[in-house]
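Labels run A, B, C, D and E following the written order; every chain starts at residue 1.
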Amino acid sequence: MWINMGPQHPMTHGLWNLRVKIDGELITDCDPEMGYLHRGIEKISEDRHYNEVITLMDRTCYVAGFAWEHLYVLAAEEALHIQPPERAEYLRTLCEEFQRIGSHLMWYAAFVQDIGLMSPFLYGMRDRDLVLDLFQSYTGARMTYEYMRVGGVRNDLPPGFTGHARKVLDWLSDRFVEYDRLCLGSDIFRKRCDGLGVLSAADCVATGVTGPMLRSAGVKRDVRRDRPYAAYPQLDFDVAVADGADVTARYLVRMEEMRQSVRLLRQVLDWLDHHPGPVLADRLPRWLGAPYAPVGKEEYVLKRNYPKGVGFSSIEEPHGEAQAYVVNEGSEHPYRVKFRSPVFANLSATRHYLVGYRVADIPPIMGSVDICVGEVDR
Amino acid sequence: MQSDDVARTVAAQIGERFLGLEPFPRTAGRLRFRSEAALPLFHTVKEQLGFHHLSMVGGIDWVTHREVFYVVWSDDRRQYLLLSADLPAAAPHIESAASVWPAANWHERETWELVDIQFDHHPDLRHLLLPDGYEAHPLLRSFQLHEPEELEVKQRSV
Amino acid sequence: MSSLSLYGVSFDLVHLLLTSIGSVLPYPLDAWITNGTLVLVLSVLVFAAILLAASMINTIVLIWWERKLLGRFMDRRGAMHVGYAGLLQNFADGLKLFRKHTFKPAEADTLGFFSGPTAYMVTSMILFGVLPISTGWNSGSLPLSLLLALAIFSFAPLFIFVSAWSSNNKYSLMGGMRSAAQMIAYEVPLLLAVVAVVIVSGSFDLTTIVTEQQNYWFWGPLFLALVVFVAGMLAEMERIPFDLPEAEAELVEGWNTEYGGMLFAFFMLADYLRGLVGSFLVVLLFLGGWTMPSWVPGALTNFPLAGIFWFLVKTYLVFGLFVWIRASLPRVRTDQLLRVGWNRMIPLSLAAVFLAAALVTVKCLPVFGCLPSPGV
Amino acid sequence: MTEPLTATEKTSDNPILWVAKPMVTAARQFARSLLHPSTVVYPFERLEDPKFRTEVGIESGKPIGVGPIWDNYRGVHALNIDTCISCNLCAFSCPDLCIDMVTVPGGDPKHPKKCPQIDYGKCSYCGFCSDACPEGCLSMTTRYELSVHSRREMVFPPEKLFGIYQQKLPMNPIRVERPANEDRIVLEPPLCIGCNACSRDCPTNCITMMEIPKPEAKPGEKLPKRIWKEPVINDSDCVRCGTCISVCPKECLFWGSRK
Amino acid sequence: MSAPPAPPMPRTAGSAAEAYRLEGELPMVEQPAVPFVEIETVRAREFIPAAKEAFGALIAEQGQAKLIRPTFNWAGRNSLFPLHWGLACCAIEFASAFSARWDSERFGIVPRSSPRQCDLMIVNGTVTWKVAHKLITLYEQMPEPKWVIAMGNCATGGGPFRTAYSVVPGVDKLVPVDVYIAGCPPRPEAMIDGILRLEELIRERRE
């Protein structure tokens, strides 16, 4: 019997449809159906100025907007031959790591709700709001930041930010202990999650699965470590790896990643306290768009001597490894923007980690994948 | 150093159909090849050079022709490699990489429906993001976006 | 202890009413109207109406209690703007659901779709009439009231399954099947745990069971039975961690997916009625019912309706325990649930029965008099 | 991490800890939230309230900390019509094309004053417009509630935006310094006919028409028919809005770089 | 001969302030401090006039409709069950509105997963043509009386994606919308404000 789980289903955490073939309670086949949130972001980007694409990036993955901004900005700088100042790189690292905590907290909330834990959902959302408040205090928005610019970031941190951020980090560190007590400390949780959704390292590599799912299978692969970008080469952190390859292992990896993010953030905050400086590259092409004088209509531009270029970037997004490919053909608009979404690949391997388990296992397994449909469909 | 190795091995395997290795930011380079050599190249890159991980497949419409590119990653080299082939604008097609890297499956479905590049011997070439039966290929340059037309607003019938 | 009795009150009321009416009526009518049969019938009806109102109000307050408690467990406030501290919230919910359009999905079976929730609701309400709340505050002392209560309690899977089957939805069907399996699996340990109580108290009459607890509440000697009973009750009430049938994450809303409006309200009300009855049973069987320990000052136990008051306090505290469990535990999986039910719960409950028998045999029960409630 | 993580705290062997750990944790949270539930009773309390700015951490027990700055929030715009110079920069910089320049009273009939009208059904609150505004007259306030019954009410004409400005709501305190712009408007003199269009329409009045000497006509050659004036642009006043380029009939003005 | 100088732009404050009159009344941000007890009872006090009206109608024998309507409107507006589904970005803020900090359950707003049990569909995100007919199905599955809130700009008019080939330019092209909430995404407070706006609509409901 085929059953449709979605597009409106409490399990999906977004707009997609998991078609499952079941025999009794056993899953014998499955077929994810995507595209319910396909907004044509890659196409719209071709009609926008380089900086204006950033507004779309926040909405591509709405739980990890900063990571996608960073991804795009890195590729666009490569394509436009711009070097951001060092402080901007640290600020971007700050954004990305806080975003990782925020995104993982959102995952935690959604995941525990899937297996029926009611109150940790609220705890996760509550603590995520603290992170969002930090974002709001220097970007002006909770989820759609529009903070990074090609060539740096929009503005510097407000005074008093770093002290407040440290307090939030202290608070979060204490909460992580509570989360573990609520989940790992509960035998029912372990019974629900151990040995579920196993995806071996070989399968992960074959199907293109990245991120915490890959690391939970014992593969120590992290773009921040392998191909460092922004300020990561100067920072000290560990790559969280687990060997269970199951839902519990993914839980462990994500919790450890949050702790590592806290560790990274303390270093970044210390650096930012002592190294003032500009946050935006000083010589930027006028046609980058706001906040510089806009280009306006096409006919305004009479003499074009823009440099051509192509940019490629890859970052460790909270969900996995994201890549961007930006082609600059010498105009104000990117010629082609192509993104690789980690969740896209993680979902395409559904058949490998879902078949053979039970219907009741679908929510924990899919919850452990950490789905963000916005970036899958784009 | 590593790039030389890549170029040598690939040239030895596919010979004439290897068009060179260009430098490319943040990667080991962009390896250009003729589309006929797709399958042998994929096997070489995966099995001999150790690029086991396919990250991304994408297409670009250059109006005169189309380009399909693959991003692969090797855990041993810790490097990306771009594979790129030019296809004719009329009936562009290339051998599917799904038999070499299963990860290519969805990426190729997406590239097919958005950029209209046919992948031969693909196991399951259906629409992925767009509804079934959608005819156009939106990421072609000829496909223009426009402001939405004014549709009738539904009113509550009392 | 109050000497009032619910049935007595309703009988007096009806009798007073009818005699006053009869006094102004001409001959054949006044004799007929003050006829004992009519008074009896009418007083039963009044009694039922009072019970119905009491159970409804109690259930609604119970829902409020759960929402507020759960809110604090989740670090928030819960319903608070509708009425004082949200007390009117559930009345608003009920009125709204009553107002909603009643419908039937196109392919659903009419008879089953409508009769399922109704029967579920009705059986849950009947339960309320069986249980004594305080001395005299029940439908009369039935010698087998405990058995009757549990028998009615176990009707539920049938009606859930009927409504799940007839709503013609895959999720409903799966939820209904799970529900039936789960309830049947946990019926057995539940009854066995009750057997332990029956062994100790020597009676199937709930009033007698409570009176037997004058000296010591049963939770001390029968702790094992209490644990089994609470776990079984959680499964019977379909609450987390055993709320699989309505497991929101995989089966949209379980067996009530296709139900809306008043039928859905029936399900909700019946669920909480069963929750209330479950808490009642825990209080009656293990926590001394309406009796209070003798060290409690007399002023606190001797006011009118003190029995009902303390009984309800205990009930709400027990329900608070259920809420606490709901707030902190995830739900288990079907097969795990059934495995726990058949493999763990039944041996445990058998052990509880043997323990109870041993306690009775060696006559060491009065030892537990040191636990709360040594009374004379 | 040198060691792979494994879940070590397996408690199933210890039946007492079966449920105790999470339940105790939840109970502790219960006790904490009995005293300080972290709920903001929204319509009656608001996060803008300064008392919420510092409350974070265990010392207060109430994890509500909006950080040092709340006013930075990007909400509905406020427009100071008086200082608006009708430069169109906001409309140009809008990525969602939600800003229309509409005529407002206050200009002269020939060159009406135009101010932005914002359609909040399209706006994505990115703040590019207020960053681009050279006069600082368009800025974003912290007002975020905007719920209406019909789509039309979402279009805010300049008057309404000015009304928000008059409410003196907190404005975004982090303003981006417009970077020293390397670009400027350059004239290609042979094409110019001295028509004065650029000077007339310049929103900042930074273009003055300077007389140039009329050259002597060489024999056999006709002088071009034009006014012998050329625009001179005061770069320090120029906001680089490009109005002059768009109104130039001969396309003799263009963007250039100061080298 | 010189061209006439460009007219000076009005730069002085006060001139325009008198020229324009405010259109519509905008809510003030600063609200008077309300004691806690009043917060808890404010809705209860709403019930009293409603009941009074109902009672008055009964006395005046003005018919059943007048008796019942205020009560049911009170009930309907204080117990709105939104459909629990997430479309895009706004869904995250939608979830935030039910989180500890904002706690929409204070108003009796409880999300339900089944459309059969819902009164309110909050369209929280971009609606694509692919999901359009499913949205309509869900809407039709909700029993009357039902309401729709378009949350955020994508649901209102397509937002930044309205030019895309796959996006419905506003959910009001598919189902009737009662309240639009602007924002991209709206803050949870804005969402609660939108629902309160809808409650005002229900209060005046005449059926």
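In this text, a contact is a pair of C-beta atoms (placed from the backbone, for glycine too) under 8 Å apart; a residue touches a chain by one contact, two chains touch by 3 or more.
Quick caveat: nothing in here was measured; it's all calculated off a predicted structure.
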| item | value |
| --- | --- |
| Shortest chain-hopping distance from chain B out to chain D | 2 |
| Chain whose average C-alpha position is farthest from chain D's own | C |
| Best-connected chain pair, where connection means C-beta pairs in contact | A-D |
| Far-end chain from chain B, centres as C-alpha averages | C |
| Inter-centroid spacing, chain D versus chain A (mean Cα positions, whole Å) | 26 |
| Mean-CA-position distance for chain E and chain B (Å) | 45 |
| Distance between chain centroids, defined by C-alpha means - chain A, chain C (Å) | 48 |
| Whole-Å gap between the CA centroids of chain A and chain B | 23 |
| Touching two or more other chains - residue numbers and ranges from chain C | 71, 73-77, 80, 248, 252, 327-329 |
| Numbers and ranges of chain E residues touching at least 2 other chains | 39, 99-101, 103, 106, 113, 130, 158, 160, 162-167, 170, 172, 178, 184, 187 |
| Where chain A touches two or more other chains at once, by residue number | 9-10, 35, 38, 40, 43-44, 47, 55, 59, 119, 122-123, 126, 129, 144, 182, 186, 188-189, 191 |
| Chain pairs in mutual contact under the definition given at the outset | A-B, A-C, A-D, A-E, B-E, C-D, C-E, D-E |
| Residues of chain C touching chain A in the complex | 70, 73-76, 170-171, 174, 240-241, 243-244, 247-252, 326-336 |
| Interface residues, chain A side, partner chain B - complex | 34-35, 38, 40, 42-44, 47, 78, 205-208, 210, 219, 221, 226-227, 310-314, 321, 323, 325, 327, 335-336, 338, 340, 344-345, 347-349, 377-378 |
| Residue numbers on chain E that touch chain B, as the complex places them | 129-130, 158, 162-167, 169-170, 172-178 |
| Footprint of chain D on chain C - complex, ascending | 71-77, 80, 324-325, 327-329 |
| Chain E-touching residues of chain D, taken from the complex the two chains share | 37-44, 46-48, 64, 81-83, 85-86, 95-96, 104-108, 110-111, 113, 119-125, 142-151, 154, 157, 159-160, 162-164, 166-167, 169, 196, 199-203, 205, 209, 211, 227, 229 |
